[in-house]
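The structures come next, written out as structure tokens.
Next, two complexes with subunit A in common: one pairs it with subunit B, the other with subunit C.
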Partner chain A sequence: MSLEALLPSAIDGLMLGFVYGLAALGLTLIFGVMKVINLSHGPIIALGMFAVFILFSSFGVNPYLGVVAAALVGLLLGIAIYFVAVDRVIDATELTTLLATFSVNLMIIGVATVIFTTSPRSIDIDLGALRAGNVTILGTHGVAVAVAVLVAAALYGFLFRTRTGKSIRAVANNRAAAELMGIDSRRMLALAFGIGTALAMTSGALLATLFSFTILSGGTYELKSFVIVVLGGLGNPTGALVGGLVIGFLEGVLTVFLPVAWVPVVEYVIFVAVLLLRPAGLLGARA
Partner chain B sequence: MRGIRFFGLTLALVGLVASACGGTTTPGATTSAAPSQTTVTKDLIIGFTASQTGAQNVTSKRQTDGIQLWVDDVTKVGGIKLKDGTVLMPKVKFYDDESKTDRVQALYTKLINDDKVDFLLSPYSSGLVKAAAVVTEQNGRLMITAGGADDVTMEQGFKGVYQVYAPGSKYLVGAIDLMLKLDPTIKKVAIVNEKDSFSASVVAAANPYAKSKGLDVVVAEGYDTGTTDFNPFINKIQAASPDAIIGGGHFEDGTTFAKQLFEKRVNARFVALLVAPPEPTFKDIGDAAQFITDRYVAKYNSQPSYQSSGGYAAGLVLQKALEDAGSTDPAKIQAALDKIDLMLFYGRVKFSLDAKTHGKQVAHDMVYVQWQKGSDGKLATQIVWPSDAATAPAQLRK
Partner chain C sequence: MRDLRAPFLPALLVFIAAVAAIPIVSNNPSLREELFLVLMLVTLASSINIIMGYTGYVSFGHIVFFGIGGYIAFWLMQTFNVHFLLAAIASAIPAALIAALIGIPILRLRGAYFALATVGINEAMKSFMTNFEPFGGAIGMFFSFSIYLQYGGAREAAFLAYYTMAAIALATVATSYVIRRSKFGLSLMAIREDQDVAMLVGIDPARAKVMAYVISAFFPALAGATFFFKNGIIEPGPAFDLLRSIESLVMVVLGGIGTVAGPIVGAALYEWLRGFLITNPTFANFQLAIAGLLLLLTVLFVTAGLVGSLRNRFPRLRAYIQ
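Moving on, here comes the complex of A and B:
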């Protein structure tokens, strides 16, 4: 295959990698803070897609305002899910919390399939494009990257610069010690779950501005998020962002040399290889 | 913005010759019962599944609308009148298969065993048709397939499955002929198709045909059903600089593929996609089509698509078989279907009697439509191939 495809493919992949990283950030934040593997991550991404879609198609709300609304809904939804499904099993084994979030997954998919059906939807939005030779950067993709970077930066600012963010990190590092310092750990865990869910819904909302989707589309991005999180280091937000970029870049570049259908195979080989050879991921777990 | 004229050539599965001949079968305008005979009116329950949700829902709905329109038309003229005086009033019984094969298998079993429907029509799309065909064959039932073009399904030696659509192997071969007629200097072609059974069978015929015509197939790759990001394929296509792109699959993926090809300003001079380019205006095929079009527009407030016409045609084929058989006895109807050589608004319909390919469509031909701007500046579909049925010459990007 001609190397002429390399540059546009790499750019496309990297740009998508930012959104993948954002989705993985939500998953890894929840794991990093409370050691819960959130199996409702995929349906929540899909809910983000539908939040933007409904606001846009039914109320004429600009899709990017819809992204903000999706994030806010995600925050509240995440806090609700925490208190309904996670809080009472937070001290149980990881398998128990895994099953708790899996049940949330089934409930969301079940109800949302009845409401939205599995029919494909899309948001028709045209922001123009930058073109140079074989490279075309669509405006929608550019905005998605910008939003992903802004959200990631805001998250870092929140976690490292605010008292509440520092409290979340304290709970993540040592919950008992944080409680001894007067931090309401239950509140922080709920907030962390809410933020993780908001990140997932934000990534879903951004993906909805790029591609068509169904209520089942979140599953693909959930699987990608797991690969990214393991690659970057479980519980490590920086690792999730870097992992997202690596997976996005690989997706782009590999398609130049391999049939596109082989890309997921390579991704899962990487997933297994990292688990076997470097289980802490590229940047180490829970940094 | 540099104006690329995007030539989505679709395969409107409409009978090109039929339109010229006006060979419409008028529903219900058939055999009359003798005055002395006692008329017995019976319901004829026709079962099928429709993809009211899922990937096939847009096109499947069109097919269902077509079937329903046929039912309405037959009902309006007093039903299907058999020679023995029986009048059959068709009624449909259908469920949502969610565009899933497992649902199709469960629901066709239910239609046969629980609902005890009299006849079966197929779901829309080859994958679902294949799933339904296995069930109907196992149960020894007849099924007319309205929305399945896959060759492989019809090469299983099925005894009771009859295909209305032209087989997939015919789909893109004509597009290659058209392309080379328009510009014999075209040398490089990219083939990118959905990896479902229908599209695979189309490409399995088109790829060697392209090579036999001296074309260089510079990209040949399939994409998964449900693909939404075509950029990896488009980057490969751009790097290979083909003169033409052919492929696609169904409505959702094909529409997205076409949109992303446009967004990336791909320089191909000729693009032929399966199914997806939005529904052709049925009026293009003349008076025969007008008969259906007027009713369809009145009922659904939209133009019929080729899926709608396929659904209607499937009903007409069943009607003709019932009339010829003069009975609802499955064996007699099967014998009538085997003998059918029918010219409809939809085109010619005749089934293979070979044991291995029994029921496969052997007479139906393809036409190709292109979206072109009219003198009023509005886009409309024009039949561009074959030339003797063309309503406008095909246009290539300069």
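Moving on, here comes the complex of A and C:
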């Protein structure tokens, strides 16, 4: 393999890393606030893809407007999932919450497979490309990165600058103390689950503008999100973004040296190694 | 007290053996196929129960040992023409060794971290096997028909696999019972309730946990060897199927986590329900969604599972049902 391919692969991977990071951000936010590993993450990412697809192919809605719609639907869906499946078992062991969110996974996949079938779909958009030397940046990839950065920045603004955002962080830090300060922790947990779901749907919506997908595609991105979240530290939002970039970069660069099929082996070995050697993640866990 | 206790284990084993004998006596091949699967799921669920129910460690990617056992046995049978029973045992020992090797580091992790690590190990193993050419890579391995000749043909081989699977299920259930009634089981349950306190009363948690993990890896490896021997083909996807892993957890929870009979009841019920849903024209399409709904209802409202709820509701039953 030539080193010529290194730069374009690295840039390609890094750009994809922003979108991965967004998905991982949703997973890590939910874990950070309520110590729940959301196993319905993958199907929700797939729902984001299909939200954009349906709006685009049936109603002619611009895909990027569809991304906004997907985020809003995600927020409401997440709040609904919280009250149906998570609220009652929020203080139970991790097995219980794992299985509760997994049951949501089964229900979404079960219903969505009947509606959408498992045949592959894609959204055809051409936004041109930027070329410099042997580096080509597709317009769709550029926009996806911009949207991901914007959403992440908005989330930070919300969590650190607004009263509601601060309340969510307070609940994450110490639920009992937050309640003593008059914060309705149940509402904050539901909102955090909603935001986490909205982030997953947004990243799914963006991925739909880049690659073809099926209703089962979410599973791959769910596992990728696990790897990223662990890499950055479970519950650490900045870690998720950095982890996303690291994994995206690795995926881009490794394909230059290794057959593509070996890349997941490296990813999962890194995943297990980080868990064993630095369970707090590379950046250390922070709420 | 020991003498007064109902003979739970012999009764349970006789019951399982009797059920397993029905398709043989009545010469019903389709029932035999179904029960083969149920016995395999009983093995998987009971094994997971040892590490998850007794010890409190959610081994999410436990299916990795099923896959490892299947792959090693298959390779031995295909490449060296080793007899199936020998290959099965020869595959379960390295699987148990691997469990010890990965168990020592990952059992230090607690809660969600352990669960995620087991998922990572399963996925790492799956993607490794997809690339490992000696074991067939992404295509996997398959038998030529002549392999079955030394067992008297494919039909006899299927019978041999069935008897073996029944024996494995019985051995797993017996082991599960013995552990639960033993001092070792008591130390596992102490670790589950509070590891730090367990340490204070003189239990070595690291040793006990690794032991439990190794035992819970041994039987799934045997089951994997038997399943893929009968199957005649092994691929990375079905061998390291995370969904099947999660389904076995569901069976444990459905039947009653931490009880001996729970995983058996859960496995039988889950398989029966799936069969019912798939063959029912109204529900066939929504099979997964209904399974999800039932799981959610169980997790939210019947936390102890069927056997556990019965034991809680009727304390007298505790003497009879473990």
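General observations
Everything that follows uses one rule, which is that the second predicted complex is superposed on the first by the 285 of 287 C-alpha atoms of A that agree within 3 Å, B and C clash if a C-alpha of one lies under 4 Å from a C-alpha of the other, contacts with A are read in each partner's own complex, and residues count from 1 in each chain.
Operating definition for what follows: a residue touches a chain if its C-beta (ideal position, glycine included) is under 8 Å from a C-beta of that chain, and two chains touch if they have at least 3 such contacts.
Predicted model, so just to flag it, every value in this text is computed and none were measured.
With subunit A as the common reference for superposition, the partners subunit B and subunit C occupy compatible, non-clashing space.
In the superposition on chain A, contact of A:211 is made with subunit B only, not with subunit C. Looking at the shared chain after the overlay, A:119 reaches subunit B, while subunit C stays out of its contact range. Contacts of A:251 after superposition: subunit B is touched, whereas subunit C is not reached. Between the C-alpha centres of subunit B and subunit C, as viewed from that of subunit A, the superposed structures give an angle of 70°, to the nearest 10.
When both complexes are overlaid on chain A, the residue A:134 reaches subunit B alone and has no touch with subunit C.
The wider contact with subunit A, measured as residues touched, comes from C rather than the other of subunit B and subunit C.
When the two complexes are overlaid on their common chain A, residue A:222 makes contact with neither subunit B nor subunit C.
In the superposed model, A:275 lies in contact with subunit C only, and not with subunit B.
Judged by the touch definition given at the top, the superposed model places A:259 against both subunit B and subunit C. The superposed arrangement places subunit B and subunit C with a least CA-CA distance of 7 Å. Residues 259, 261 of subunit A touch subunit B in one complex and subunit C in the other. On the subunit B side of its complex with subunit A, the touching residues are 52-55, 57-58, 98-99, 195, 221-224, 226, 228-229, 231-233, 235-236, 238-240, 252, 256, 263-265.
Listing the residues of subunit C that touch subunit A in their complex gives 52, 56, 58, 60, 105-106, 109, 111-113, 115-117, 119-121, 123-124, 127-128, 130-131, 138, 246, 249-250, 253, 257, 285-293, 295-296, 299-300, 303. Residue ranges on subunit A touching subunit C, taken from their complex, read 31, 35, 37, 84-85, 88-89, 92-96, 98-100, 102-107, 109-111, 113-114, 223, 226-227, 230, 234, 259, 261-262, 264-265, 268-269, 271-272, 275-276, 279. Considering their complex, residues 1-5, 8-9, 12, 16, 117-120, 122, 129, 131, 134, 136, 138, 210-214, 217, 251-252, 255-256, 259-261, 263 of subunit A touch subunit B.
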